[in-house]
Amino acid sequence: MKVQVLYFAWLRERIGEGRETVETEAATIADLVEELRAREPRYALAFSDMKAVRAALDQELVPLDTRLNGAREVAFFPPMTGG
Amino acid sequence: MKVQVLYFAWLRERIGEGRETVETEAATIADLVEELRAREPRYALAFSDMKAVRAALDQELVPLDTRLNGAREVAFFPPMTGG
Amino acid sequence: MIRILVQTEPFDLGAEAERLEIGSETGAVVTFTGRVRDVADGLQYMELEHYPGMTEKALSAIAEDAMSRWPLAGLTIIHRHGRLAPGDRIMMVATASRHREAAFDAARFLMDYLKSRAPFWKKEVSKDGSDWVDSSDADEAALKRWTSV
Amino acid sequence: MIRILVQTEPFDLGAEAERLEIGSETGAVVTFTGRVRDVADGLQYMELEHYPGMTEKALSAIAEDAMSRWPLAGLTIIHRHGRLAPGDRIMMVATASRHREAAFDAARFLMDYLKSRAPFWKKEVSKDGSDWVDSSDADEAALKRWTSV
């Protein structure tokens, strides 16, 4: 399954890109994080403290244990600081 | 003792003027109201429901039993509707 | 910095808000604008009476109270009097602070006090006659928020 | 009437407030303006990143929620992104209603949700380096006001 993965703020900076297409068999967002972490140190570093990471599935904020279920877009970012 | 007495809103309309100088021996604002009431029906009408009347002594909102104590200006008006 | 104006003329909300946006310590500016609403039988105009002298004193006292309760960089109160048409602006308050909590709380406090403690009286004139606007129990009750602390 | 803008350009607060002052049923308009504050070691600029696509969805959802909770005639949310200098306006919300309670509550609700639920991230750049602004526990706690009802 192909999914667009987006990174924002310091996650983007640590990973070194804002968007990539990932080929994955992950069932949940957390599984996808595990796959990414295993890839390269920069991912392991970005995802070292998951309490500081939020995720959106197809542009909706969701918990990390949410199933991918054919989603097209997964985004990772720190807690939001709007306003 | 001479005191300036001011009336606002429907008190002014019922009494027919906004300001007058009153010669009084009243000790409190409530006593002054009694003196005015005794004068003419228009005062009795204006002061017929004291729950609907507020008073200021020298431009400070005060209870009706406040002593005049040489005040220069007493004002009567309905509850305020600012804002 | 307290700015208080009692006037018959309209005011410029945008310019008033900007006046409070000074320096780079003010992170939050809140404004409230009150307007003349229509009434059931068609409002021709509203006549706003006030008590010159006491009005300025009462507004200053309310403003000083707000400044002492919250860490404000500044606040503005503008209240019109005289004849106003439906849709006209009646008054505004604006508050400036580092953070939003103080700016919101202070603006609300100012409004709650202005409603019941500033010497203004509103008369609504429609083609069928005129009525002095009654004070509202809800407005009087709103003051309790600030005294029970 | 919901108006949402996500833009790099400045906005005109006065004009935005006036847009909501339509007809003679709106008695109360509240605005909030957020500005870039300086930091201890001297802010050069703030860089505001956002998530295009999700930003508009999140702001719309927050706006719809506010319209369903309070009797509002309209509301406006404008949020800037990109590079901003100390003192620059970051964002604004404005709410219009018959009475002040709904306008104040809705404006505060919008701000509380924007702080923690709109996909914006702030980076502060000073001469000594740059830092992503941490989210605040107080902001997260502020949301509880609206969910415990």
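Think of it as A, B, C and D in the order they're written, each chain with its own count starting at 1.
Methods note: a contact is a pair of C-beta atoms (placed from the backbone, for glycine too) under 8 Å apart; a residue touches a chain by one contact, two chains touch by 3 or more.
Just so you know, these numbers come straight off a predicted model, no measurement behind them.
Q: Which contact partners do chain A and chain D have in common?
A: Intersection of chain A and chain D contact lists gives nothing.
Q: What's the chain with its C-alpha centre farthest out from chain C?
A: It is A whose centre lies farthest from that of chain C.
Q: CA centre of chain B versus CA centre of chain D: separation in Å?
A: A distance of 48 Å separates the two centres.
Q: How far is the middle of chain C from the middle of chain D, if each middle is the mean of its Cα atoms, in Å?
A: So the centre of chain C lies 23 Å away from the centre of chain D.
Q: Using Cα averages as centroids, what's the distance between chain A and chain B in whole Å?
A: Centre-to-centre distance between chain A and chain B: 72 Å.
Q: Where in chain B do residues touch at least two different other chains?
A: 83 - these are the residues of chain B that touch more than one other chain.
Q: Name the residues of chain D that each touch 2 or more other chains.
A: Residue numbers touching two or more other chains: 34, 100, 111.
Q: Report the complete set of touching chain pairs.
A: A-D, B-C, C-D
Q: Touching residues of chain D toward chain A in the complex: what are they?
A: The touching residues are 34, 49, 51, 53-54, 57-58, 79, 90-91, 111, 114-123, 132-135, 139-140.
Q: Write out the stretch or stretches of chain C touching chain D in their complex.
A: The contact residues of chain C facing chain D are 12-15, 17-18, 21, 23-38, 43, 86-87, 89, 98, 100, 103-104, 107-108, 111.
Q: Can you list the chain A residues touching chain D in their complex?
A: 6, 8-10, 12, 56, 59-61, 75, 77-83
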